[in-house]
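Here come two complexes built around chain A, the first alongside chain B, the second alongside chain C.
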Partner chain A sequence: MRIYPLDPQGAAEGTPLVTGDVTLRDFSHTSRFGLKGRGSVAFLQSQGISVPGVNETATGVLRLGSEEVVVLDGPTELRASWEAAQAPKGYYAWREETWAMMHLSGERLFDLMAKICPVDLSVSAFAVGRIAQTRVGYVEAITWRNDRDGIGFDLLFDIAATAFFADAVATASAEFNREVTP
Partner chain B sequence: MKILTCPMNGPRNINEFQSFGPLKANPDPDATSDADWARHLFRADNSRGTIVEWWRHVPSNYFFLAERNATTNEVIRTFDPSELEQM
Partner chain C sequence: MSRLPAPWGNRINRDVPVTFSFEGRTNQGFAGDVIASALAAKGQWMLSRSFKYHRPRGLMSMAGAEADTLVQLPSDPNVQADRHPISQGLRVSAQNVNGSLARDRDAYMDKLGRFLPVGFYYRSFMGPTRNSWLKMWEPLIRKKAGLGVVDLKAPHADYEKANLFCDLLVVGGGLAGLTAAIEAAEAGADVILADMEPVLGGALTYGRDGVDRLDALLKQAAALPNLRVMTETVVNGWFEDNWLPLIRGNKLYKTRAREVLLATGSVEQPAVFRNNDLPGIMLGGAAQRLMRHYAVKPGHRTVVMAANIDGYRVALDLLEAGVELAALVDPRPGGSGGALASELAATGTKVIQGVVEEARGKTHVTAVKVGDDWLDCDLAVISVGYAPMWQLPCHAGAKLGYDEDSARFSLTLPDAALGIAGGLAGVFAADAVVADAQQAAQVALQRLNLSTREITPVADDEASLTNFEPVIASHPMGKDFVDRDEDIQVKDLQNAVKEGYRELELIKRFTTVGMGPSQGRHSALATARVVAKATDRSVDQIGVTTARPPFGPETLGVLSGHHHPAERRTALHREHIRLGADMRPVGAWRRPYFYGPKVDAKRLIEEEVHAVRNGVGILDVSTLGGLEVRGPDAGEFLNRIYTLAYKKQPVGRCRYCLMTNEMGTVIDDGVAYRLAEDLYYVTATTGAVARVYADMLFWNAQWRLDVDVLNVTSAFSGFNITGPKARDVVTALDGDIDFSREGFAYLDGHSGTVAGVPVRAMRIGFTGELSYELHCPSTYAKTLWDAVIKVGEPVGMRPYGLEASRILRLEKGHILIGQDTDALTSPDELGFEWAISKTKPFFVGKRSIEMRRNKGLSRKLVGLSFDAPQGDPNVPGESCLVLKDDVPVGHITSVLWSPTLSAHIALAYVHGDDADEGSVVTVKCRNGVRLNVPVRGHTFFDAENKRQEL
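Our next item is the complex of A and B:
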């Protein structure tokens, strides 16, 4: 069984995730099927999966390059279909093991993002459906709007940076999340 | 912070990029001496004027080319490597 960093016995076990006016949640255990290289897009299309334009996301499919795609929470048989398919079909990118997936939300979300990400992610500048591949909280990250229960951003980044990222968000959000004493 | 325009990701802070040196033609493996291979791999002309260089946008691992004036440091344009086939 796979152990993710924040799981019991994981490398980042016990690292607190901030909650309040900025809330960080971990979704690393969710399914991510990533392909990269020649044939990736054609394979997914052959499985009836619609692939959006570069740096766009639609229906759980992230297009990260001309031949780089990640399918979130895709059909369970996708991996077996890919194994059985004829090349060129891209190569397997192990996104469920190499990347952490987290979600940021909260009242002060956009104040936080303005502080920790150089790309303007405000509602007027960054539409739902676009992807930013950039840096968030000093870590190279991929982020896009995904309003799970209120406005929020999903993030993918190197899974080895899980604790570092959680700490960076906690530090950056301290001014928004601080306890007010009378 | 300087801004460089990535052909795939748009304008980004320069610290999101890594330089990979000038674009060079690959030598013919059958007709190149060891000394010329070494020069090709490890030495670059430090020329003035307009040069074409490889760059990578690190977060997206996207390689592209930039035309830059090495004297003034002005970036004239950036473009996808597929344009090389049309040059």
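Our next item is the complex of A and C:
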């Protein structure tokens, strides 16, 4: 049985995820097939997967480098196909293990992102489809706009920092209950 | 003193009285009052005592720029009384007083001025005896120094940080800033307008002719959604690439602006004359602020010293407020009033050409001397000139110059996305300021590639009358202050020059001029003039001292923000807690230190050690760094990174890794397990893996080998099952890995499935016992752990923590990188010659290791043991010195009580000549006791390695 940090018996079990002005949700169970290194893009393209430009995302495919890609919720047979393929085909990147995956949304989403991320993620500055590889909530993170049920950001970050990240978001968003930001 | 009628007092709400206390006495003001205005309204003009002489001081600028208005709040020292609003129940007290503000026992210091000449402390605090500083001066100064008192029990406060971005940041919300911000926003720019005051308008809010113009501008600004106004916000510095910290209350806005326009105005300069620091002597802007902002009449009878048009405006304001104008003193031949001179003359005001030469009064001004006459007054208003707020532009690299004709500083900007406008740019007449600000906005718009328009320049008809350079002569009796913050008089600067200090930066350090809270805002111009005269140079040649961020004081809380120490958890974090582990930070990780109640720590740790030595234990090693090195050149890559050889390492074998840097210094170690021809799984130390990974990426970029490196530290968890009964445990696990002695040799590595979990198993350990290390993807860690625990129960397996692990490794003589090594440790110093390949042509650090070897060993790590009972103070601690001929030659790096050996064991650096076993070295304990002990090998337990190779 696989256990992710926020699951029962997981490392971050019981850690509250904020809701309200800002809502943090866990999507760490999302399947992630990551490749890195020479041949990664060519292999995915050979599987009929369209790979966007570097630091762009489209149809669940994140291009993190010239030869670094993550496929979210991809075909279940993708890993088997990759293992059967001849090199160069990239190297397995363990993205379902290295990273937690979360989603931030809410009325004060952009105020929060301004507090926990040094990149300008405002609507006018950060288009849908772009990827920021930066720091969010004091940890290195990858984020992009993903409007699941309202405007929001998906995030990938060090899975070992799950509880810490959730706490950092909760602390940062607590300000919204105390004072008005500009 | 009652308040002036409306419309005076545009910041107070007379319907909302506010009660507060000052120096224990209850006072009442109105909502909107600041501490100083509310006190002034009650006739309380003295707010503090001066820093050195304890002279009575009051407000001068009403702009929060000087030390004289700093007061103490219960949990907040050094609060600016002329900017801090009163609130119900606020308790305010004076600072820097011995006794009370009214009866300061240290006021006698004012009489001792001639015994405290400038720079006296450089000489005085050296004597009279060798230890005078420590025994006499330092305690005395510590008692006297400082202004406010820090509340060590201050309640918790929340400090926030946020990032802001904009096309244009306009700093300063006066006429120039407001106009420029509106101009840019109307052209479509995303604009932030920041001002330190609670309302926009700057001098328009208190000046004589600003109200109508301000109302129109505020309406325009409010209608622009792309203009964000941030009041009560201090822009506290300029940093590279237009990064500026904006501080509002407890929040720091880290702001990145594509363009910055500074419209911070200019700061009014005081005049220098004897007793110019008496309460009741204030700048023209202060008098206007008191009247227009707070409806406070600043005095009953006044003398105005005016060397510019603003001085005449203040005089007319004072007359309208009902203040008797004894005289207007104008030093400029021909007068400074321009068109207002006749308006003032029509009031019958007496205008005297001359200067105020001296003031008198005990705790408040009672008269000023002009020529031979003493003019009675309780208010002296000074409007003699301005200096630009040069700090922010100078942070950005602007140069400050001085024009002798206009007697003004001017700024030359660097070639950057930065502009200035209004008073800061030396433009004063309102219409000229508007045109100047619009033009500055247009320049920014052009650089932002937004639409622009032509602006018609407007001549500044007030420029020539703004400043007047007076003759500054030292009064024979002194107390003519150039810098009120630091109690620096004219003669202090002159004496510094006589001492041989000619350059301003040195004079500043010798006299402390400009070092106070105002940071030279009120003293720089006069200082430059005094020093220029004393050194027979021009003011332009003297200049001002270097301006560096921050512009104003900022709290440590604002810099800190939220306190968020990093925390990483292994996949078994909850399991360790369930088992009662004492979790402690190890870098960012939390690891079990031992399992069980803290009160039994010592016993429990020893039990954990014994469990491993006599049975079997299990340690969570998930924090170990994990790196996958893969690709056709992976072996060659590792050959270059580490000191041993890996290219021919068989698949399914593990090999020790020692990493050195270009200096030949040991920086990390680990194990490389070759899973396939093109795949190595490499461990690194917990603390160094990030650096090792970065180094690998760096070298890979240099060497361009066909290799990919991936940090899988979080992706993989690991447990070390160790002890004589370890094989009993692992062979009981369900899976396809043969853990038998024959099937799994020492330093073997096997991959397979255990308990349904994909596992990388290695026969390696840190304890010297038979050990198996099982690594698996972290989401499976709990499943694998549970399986191992279950089969371990019948043989009494118990989890052990970090402290037992440290003891076990020291008993076995394994080093810890970072504890037993430092920034210079070479492999030879560790006795690790065996870990250096002699056949490889290259690895990082190889040449340095050889060169260092040729120089001989100055020290070497050896084992020491101490025959003393546990807890005996005559045992050295970590870092205690190793001596040779009474000279330190090394130190203890690790020392612990070994429960297995019932002895204290240690690793230590000793002199290279004393490294052979049996050599006797001297170690100095913390209590000073010196011990002579024989050197022994690193390995204290099972030196023949029989146990780990069982």
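Just so we're on the same page, the second predicted complex is superposed on the first by the 176 of 182 C-alpha atoms of A that agree within 3 Å, B and C clash if a C-alpha of one lies under 4 Å from a C-alpha of the other, contacts with A are read in each partner's own complex, and residues count from 1 in each chain.
Criterion: a contact is a pair of C-beta atoms (placed from the backbone, for glycine too) under 8 Å apart; a residue touches a chain by one contact, two chains touch by 3 or more.
None of the values given here were measured: they were computed from a predicted structure.
Enquirer: Could you say whether A:13 touches chain B, chain C, both of them, or neither, answering first, second, both or neither?
Expert: A:13 sits against chain C, while chain B stays out of touch.
Enquirer: Regarding the shared-chain residue A:72, is it in contact with chain B (first), chain C (second), both, or neither?
Expert: Neither partner.
Enquirer: Regarding the shared-chain residue A:118, is it in contact with chain B (first), chain C (second), both, or neither?
Expert: Both partners, chain B and chain C.
Enquirer: Which partner does A:2 reach: the first (chain B), the second (chain C), both, or neither?
Expert: After superposition on chain A, A:2 lies in contact with chain C alone.
Enquirer: Just checking: does A:142 make contact with chain B only, chain C only, both, or neither of them? Give me first, second, both or neither.
Expert: A:142 sits against chain B, while chain C stays out of touch.
Enquirer: Going by the contact rule set out at the top, does A:64 touch chain B (first), chain C (second), both, or neither?
Expert: Touch partner of A:64: chain B, not chain C.
Enquirer: Check whether chain B or chain C contacts more residues of chain A in the superposed model.
Expert: Counting residues of chain A touched by each partner, the higher count goes to C.
Enquirer: Let me test your reading of the model: by the given contact rule, A:44 touches which partner, first (chain B), second (chain C), both or neither?
Expert: In the superposition, A:44 touches no partner, neither chain B nor chain C.
Enquirer: Just chain B (first), just chain C (second), both, or neither: which does A:133 touch?
Expert: First partner only, chain B.
Enquirer: Residues of chain A that sit at the chain B interface in one complex and at the chain C interface in the other, please.
Expert: Common interface on chain A, chain B vs chain C: 118-119.
Enquirer: Which stretch or stretches of chain A touch chain C in the complex?
Expert: 1-5, 9-13, 36-38, 87, 90-91, 93-94, 96-99, 111, 114-115, 117-120, 122, 124-125, 138-139, 158-164, 167-168, 171-172, 174-175, 178, 181-182
Enquirer: Using the touch rule from the top, collect the residues of chain B that touch chain A in their complex.
Expert: Spelled out, the residues of chain B in touch with chain A are 8-9, 12-13, 16, 57-62.
Enquirer: Where on chain C does chain A make contact in their complex?
Expert: On the chain C side, the touching residues are 158, 160-165, 190, 228-230, 254, 256, 562, 564, 566-575, 589, 628, 630-631, 678, 706, 708, 710-716, 777-783.
Enquirer: Spell out the part of chain A that touches chain B in their complex, as residue ranges.
Expert: 54-55, 64-65, 118-119, 132-135, 140-142
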